[in-house]
Each structure stands twice: as C-alpha cells, then as structure tokens.
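In the two complexes below, subunit A is the common chain; its partner is subunit B in one and subunit C in the other.
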Partner chain A sequence: MSYVTCLRCRGCGREYPVEPLNACDFCFGPLEVEYDYDSITRAVSRERIAEGPPTMWRYQDFLPVDADMALDMGTGFTPLIRAENLGRKLGLENLYIKNDSVNPTFSFKDRVVSVASAKALEFEFDTLACASTGNLMGSVAAHGAKASMNTLVLYPANLEKGKILGAAIYGATLVAVDGTYDQVNRLCSELADNHRWAFVNVNMRPFYAEGSKTLGYEVAEQLGWLAPDHCVVPGASGALFTKIHKGLKDLVQTGLIDSADTKMHIAQAEGCSPIAQAFNDGSKEVRPVIPDTLAKSLAIGNPADGPYALRTIAESDGSAVIAMEDEIVEGIQLLAQTEGIFTETAGGVVISGLRRLVNQGVIKPDEVTVAYITGNGLKTQEVVESVVNPVHISPSYDAFEEAMAGR
Partner chain B sequence: MSIMVRIPTPLRRVTNGQDKVQVNGDSVGAIIGDLDSQFPGLKERLCDEQGELRNFVNIYVNGEDVRFLDGINSATAEGDEISIVPAVAGG
Partner chain C sequence: MVKRRVKFTFPTELITESVIYELGHRYKVVTNIRRADVREDIGWVVLELEGTESEIADGLGWVAETGVRVDPVSGDVIQG
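Let's look at the complex of A and B:
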C-alpha cells in the first residue's frame, strides 16, 4: 500500500482527493502529493530498502503507488561513479557522477514515467500521453508498450532525430508541433481538459514528479547513507531539481540519515535560463523566455516549478549557474574523455556548469559533490558530429603505417 | 459578442460547465471584466488583490503568452481566441 493521504495545493493549501488533477480549482496553484510520514517512518529502514529490488522501487514506501501496481522496467538504482579523472581536471577530490543515462530508455524520465504510468493504470486510463522535449516521449512510449496502453506524444517539430526515433520505435502516435515546447505544453493542457487521457506531465503531474525524489534517495544510499555537500542538477521545468532536494529531506524526516545540508545548484543553458536569470536578479518571480539553445531537452522558457526551484536554492544555500552555448559540447566531450560517459546536451550543461561553480569557488576541492547526468549522448548525436575524423585507408599494412606516421 | 475564451477545467464550475465563452473587450483586462460580469467570482480566480494576474495563471491571445505582449493591458480584437491555462504543467 502507499502512504498517500491527499493532494494539497502548494499555493493556498487547499486539500484535494487523490485523483488525476494538477491545478488548484481556486488559485490555479500546483497540487502536490502528501504522505503520512509517521507511518513511513515506522515502515522504512536501511535494511528494508537494501532487501528491495535493485531499482527505484526499493523506495516504494516513499512513492504514491501501491506495491502491486508498480510498473518496474528496471529503472533506477543507476551507478554513482567516483569521477577521479574529471575531478582531477576540475580540481575536485570527491566528485561523483550519478549516471542516469543508463535507464531503460536512457534518461531519468523513466523514473517519473514509471510512477505516472502505474498511476494511470490505477485510474483506469487507456491512453498515456505527454508534451515532450524528447526524453520524456521515449519513456512514455516504452512504458505504454509495456502496460499495453495507447500512447500519444506531442513535441516541438525541430527535435533531434534520435529522440523522435526513440519514441516511434515503441509504436507511439507522434504529433510534431510547429512551435516551442511551451506552446506544445499549452496545447496539451487544453487537450487534457477535454479528453480522458493520462498526460503524464499535465493531469498526472503531481504523481509523476514524485518519481524524481528517487534520485535523491539513491545518491544518499550509494554514498553510505550520507547526503552530499553539493548537487549539480540540470534545470528545465525545475521539478527534478526541487524533488531531488525533497528526497534528501525525506530521508532526514524519516530518520534514515541524520542531516542533509546539501547545497543545491541548478544548471541552465545560456539560450534558455529563466530560473538562473531570476536567481541572478534576486527576483522571486521567473520571467518566461523564448528558448534558443542547443540543449533542447532543457528548452522550457516558462518553467512550471521555477518559483519552487528558486525557493530550493534559497533554502539550501545553493545557486544557479549558466553554461554558455559554446560550452555545452565542451562539457559533453570533457565527461566522455575523462570518465567514458557519453551524455546528451543537458549533461554538457551540467559539466560546464560544474566547472564554473568550481572556478568561482562555490564548490571547494574537498567537498562531496554529485553531478547528475540525466540523458544519453546517442540521442543528440547531431551536436557532436564534428568529432568524427577517421584516418581513411585501404586494407594494407603499409597504408596504415603511412597514414599513422607522425600521429 | 465576438471574442472566444477557452475555459480550463478548474474554472468550469464557475462557468456552469461551459468550456468556451463569448465575450467583448478591447484588452485582456476588459475581457476578464466581462467574464466576471457574466460569471461573478471569475476575476478573483484569475487576478490578485492588486488586479494583477495570479502567479499560476497563463493567458494567451491567439496562442501568444500575454507576458510577451502587454500583460493584462494586451490589446484584443474581434475574432481573437483567448486561452486561460493553469501554469502548472510540463517538464
């Protein structure tokens, strides 16, 4: 069973039943899942978690899904890698990479969709849908296939080919929209009002977002039940960022760790950085922007959780950092060539953002730092095609020696 | 009555279940005023005490976010389509 008690508006505090709802009837604020933490505290222990499956569902007690409804495709409990080579380059002694690019559809989105699809089944929807910047639609399509549901994905028509293919292969109905992600998102909100479909990031969003908390739980467990000093997280809607922090705080609240003084840093790309700009301006409001960035997976100009991301920064004494557009590919290459991990553009933003945070003295050399790598580089090959410069020869020994002379 | 406003689910209780409403007005503010005269209480859902749009309310004129136009003073004209959308989706 789950320990959910109700949904509650984060704006005005009004209470709602556990239903596919995302906005408060009164103030339009976002609804969030509430739990009976006393019961969770009695139920959980480090041992119980260790005995669970080697997936995100080892933290089922913290998720809004009944155990027998969980749709477990093997998502989560991804490697936390001690990044000594990259650490040496950047001047960090205790750097870790949370490599979430190895999930079933190669991004962290499997965590949120794992929860949302289970919840959609529980609510007896037959269609799983989403507005996507790319990674989400692959995950929705795969989970829909596994759950024998229809899938409908809407996305900005200019997405990378790998992301479109990565949804099409599972049999999803693809709808390419001539517009930005924010326009696709608005359209999906309107569609969700009039069709009985489970839009994972619209009417299922309160449940969906909870899946990202597992990225906080796992990192603490993998560090030996300790919270890191710093987390560096890519920022699009801001939901992932706030939920990782919530995950760490959950562990303190339920007694699984003693404290979590983790400073939360959100990394955005120069061409779409509304949250980071608000942080730099000292504003509590996030002004929407029209995205123009290589990091399409982060191209949300009107971030739903922007104000809450700012609150998480303030609460955790963290910061926001902007990676310049020409640093995105540099970041991808740096991670690949030091740690052997090929990430997509969002990961390039994180690594370049991390480098800036170290250079600015925000992160000190001995502090335990976790950089979240949330997507796989094979999906955004277009941006790094220039690295392919083979030596081209005929199949002869001499040709090889000749071509390689002087290299 | 020449401008169509799409009403999102959270507001349909106020509009007696209607998902589209015809209104008049030469600005977003005037349209909200007309909506409120047809369905009393609707303005309070959309605007705060200062008359500004609430944080979680997005309004679009022909698909364009009014925050990229002139906010609540954005001009409207016959034939326009207005959408009211909760800002709590996506990502």
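Let's look at the complex of A and C:
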C-alpha cells in the first residue's frame, strides 16, 4: 500500500483527492502529493530498504504507488562513483558522480515515468502519452510497451529522426506536429486537458515528479546513510532539482539519516537559463525565455517548477550556475576523459557548472559533492562529432611508426 | 464553448496596457483571472478563457502579437 493521503495545491493549499489531476480548480496552482509521514516512519528502516530490489522501487514506501502496481524495469539504484580523476582535475577530494545514464532507456526520465506509468495502471488508463523532444519519449514508449498500454508520443515535426527512433522502436504511435515550439506546446496542453490519456507530465505530473526523489534517497544510502554537502543538478523544469532535495529531507523526517544540510546547486545552459537568471537577479519570479541551447534536454523556457527551484536554492543555501554554451562540450569531454563516462549535453552543463562552482569557491575541496549525470552521451553524439580526428595511414608498418612518432 | 487555462507574462513596457480588457472586448472571450502578480518590472496573470475555439485561438494570437507571452498554466508540456 502507499502512504499517500491527498493531493495539495502548492499555491493556495487546497486539498484534493488522489486522482489524475494536475492543477487546482480554484487558483490553477500545481498539485503535489502528500504522505502520512508518521506511518512511513513506522514502516521504513535501513534494513527494510536494503532487503528491497536493487532498483528505485526499494524506496516504494516513499512513492505514491501501491506495491502490486510497481512497474519495475530495473530503473534506478544506479552507480554512485567516486570520481578521483575528475576530482583531482577540479581540486575536489570527495567528488562523486551519480551516473543515471545507465537506466533502461539511458536517462533519469525512467524514474519519473516508472511512477507515472504505474499510477496510470492504477487509475485504469489504457493510453500513456507525452510531448517530448528526446529522453522522455523513449522512456514513455518503453514503459508503455512493458505495461501493455497504448502509447502516444507528440513532438515538433522538425525533430531529428535519430531522436524519434528511441521511441519508435517500442511501437509507440508517433505524431509529428507542424508549428513552432510554442504552438506545439499549447496544442499538447489542450490535448492533455481533453482526452482520457495518462499524459505523464500533465495530468499525471504530481505522481510523475515524485520519481525524482529516489535520486536523493539513493545517494544518501550509497554514501553510507549520509547526505552530501553539495548536490549539482541540471535544471530544466526545476522538478528534478526540488525533488532530490525533498528526498533528502524525507530521510531526515523519517529518521533514516540525522541531518541533511546539503547545499543544492542548479546548473543551466547559457541558452536557456530562466531559473539561474532569476536567482542571479535576486528575483522570485522566473521570466520565461525562448530556448536556444545545445542542451536540448534542458530546453524548457517556461519551467513549471521554477519558483519552487528558487525556493529550494534559498532554503538550502545553495546557488545557481550558468554553463556557457561553448563549455557544454568541454564538460562532456572532461567527464569522459577522466572518469570514462559519456554523458549527453545536460551532463556537460553539470560538469562545467561544477567547475565554475569550485573556481568561485562555492564548493570547498574537502566537501562531499555529488554531480548528477542524468543522460547518456550516445543520445547527443552530433554535438561531439568534432572529437573524431583519426590519424590516417597507409597499410604499412613504417607508415604507422612514422605517424605515431612523437605522440 | 470551450475553456482554456493560460498564463500571460507581461514585459515591463506592457504592464500598464489593458490587454485583458481588450481581449474580452475584441474577441468576445470571457476572461476569469485566478492568480496574478504584477510588479514594476514584470507581471503575470493566470486566467481561464471561455469562448468558441476560434474566438480563443484568434484572441490568443492577438495577445501574443502585442508582445505578451502566452503559455499553458502547467508550464512547458514538451520535455527533453
């Protein structure tokens, strides 16, 4: 059983039943899942979690899904790697990489979609839907296949074929929408409001977002039930960022760890940094922007959780950092060449952002720092094509020796 | 008749303009404000619109043309 008590509006505090709802009828504010933490505290223990599956579902007591409905594709409990080589380069003695690029569809989206699709089955939906430009569509299509649901994926018609392949292979119905990003966005919002589909990040959003908390639980468990001093997290809608922090706070509230004084740092790309800009301006309002960034997986110009991300920064005494566009590929290469982890552009933003935070003295050398790598580099190979510079030789031993001399 | 929930974000230079009144007046769309925060340099209004599909579509097109940003209430639906 789950320990969910209700949905509550983050704007006006009104209470709603546990149903596929996204917004408050009164003020249209976003809804969030609420739990009976006293019951969770009585139920959970470190031992109970350790006895669970080696996936995100070991934290089922903290998730809004009944036990028998969990859709476990092996998502989560991904490696937390001590990054000694990268740490040495950056001047950090206790740097860890949370490598979430090894999930079933190679991004952290499997965590949120796992919860959303399980909840969709619980609500007896037969269609799982999303609007996406990459990672989300692959995850939704895979989970739809596993759950034997119809799957509908909408995307802007000008999206590269390679990105669509990751959803098409699972048998999803693909709908390419002609129009600008904003037009597609608006249409998808209207469709979600008017069809009985489980639209993972619209009517399922309160449940969907909860999956990201597991990235907080896992890191604490993998550090020996300790919260890190710093987390550096990529920022798109802001939900991942806020939920990792919520995950750490949940562990304190239920007595699984003593304290979580983790400073939360959000990393955004120069070409789409509405949350970081608001932080830098000292504003509580996030001004929507038109994205123009290499980091397509972070290209959300109107972040739904932007104001809450700002609140998380303030509560945790954290910060926001902007990676310049030309630093994104540098970040990808730096991680690959020090730790052997090939990440997509969002990871490049995180590593370059981390470097800036260290250079600015925000993160001290001995502090325990976790950088979240949320997607696999094979998804955005086009941005790093320039690294392919082979030595060309004729098929002779001498040619090889000559070419390699001095290397 | 249909209903749409939208968020208007006003740039500084349009904060004092009567865009919502004009929307109702010109396009016969019923506007129902639910949440708003208007400051000196930026303002946003979350509201529900009621009208025919074409009235709402034309009205929102006009609002966007004025320079006011129009978004779904739930933020960007398209995700990476």
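Throughout what follows, the second predicted complex is superposed on the first by the 382 of 407 C-alpha atoms of A that agree within 3 Å, B and C clash if a C-alpha of one lies under 4 Å from a C-alpha of the other, contacts with A are read in each partner's own complex, and residues count from 1 in each chain.
The definition used in the following text is that a residue touches a chain if its C-beta (ideal position, glycine included) is under 8 Å from a C-beta of that chain, and two chains touch if they have at least 3 such contacts.
Bear in mind the structure is a predicted one, so any value in this text is a computation, not a measurement.
Engineer: If we overlay the two complexes on their shared chain A, which of subunit B and subunit C does A:S237 touch? Say first, second, both or neither.
Structural biologist: It touches subunit B and subunit C both.
Engineer: Have a look at where A:N22 lands relative to subunit B and subunit C in the superposition and call it first, second, both or neither.
Structural biologist: Both subunit B and subunit C are touched by A:N22.
Engineer: For A:G87, select first, second, both or neither according to whether it touches subunit B, subunit C, the two together, or no partner.
Structural biologist: neither
Engineer: Using the superposition on chain A described above, determine whether A:G134 touches subunit B (first), subunit C (second), both, or neither.
Structural biologist: second
Engineer: Let me test your reading of the model: by the given contact rule, A:D305 touches which partner, first (subunit B), second (subunit C), both or neither?
Structural biologist: In the superposition, A:D305 touches subunit B and subunit C alike.
Engineer: Based on the superposed arrangement, let me know which partner A:E190 touches: subunit B (first), subunit C (second), both, or neither?
Structural biologist: In the superposition, A:E190 contacts both subunit B and subunit C.
Engineer: Using the superposition on chain A described above, determine whether A:K296 touches subunit B (first), subunit C (second), both, or neither.
Structural biologist: Once the two structures are laid over each other on A, A:K296 reaches subunit C alone.
Engineer: Please identify the positions on subunit A that touch both subunit B and subunit C, taking each partner from its own complex.
Structural biologist: 11, 22-23, 26-30, 131, 181-182, 185-186, 188-190, 192-193, 199, 201-202, 205, 236-237, 285, 287-288, 300, 302-305
Engineer: Taking the touch rule as given, give the residues of subunit A at its contact with subunit B in the complex, in rising order.
Structural biologist: Against subunit B, subunit A makes touches at 11, 22-31, 131, 179, 181-183, 185-186, 188-190, 192-194, 199, 201-202, 205, 236-240, 285, 287-288, 290, 300, 302-305, 307.
Engineer: Write out the stretch or stretches of subunit A touching subunit C in their complex.
Structural biologist: Of all residues in subunit A, those touching subunit C are 11, 22-23, 26-30, 109, 130-136, 155-156, 181-182, 184-186, 188-190, 192-193, 199, 201-202, 205, 236-237, 283, 285, 287-288, 296-306, 346.
Engineer: Using the touch definition from the top, list the residues of subunit B that touch subunit A in their complex.
Structural biologist: Where subunit B meets subunit A, its residues are 6, 8-10, 13, 19, 45, 54-58, 60, 63, 65, 67-68, 83, 85-91.
Engineer: Help me check something: in the complex, which residues belonging to subunit C touch subunit A?
Structural biologist: Residues 4-5, 7, 9, 34-35, 37, 39, 42, 44, 46, 48, 60, 69-80 of subunit C touch subunit A in their complex.
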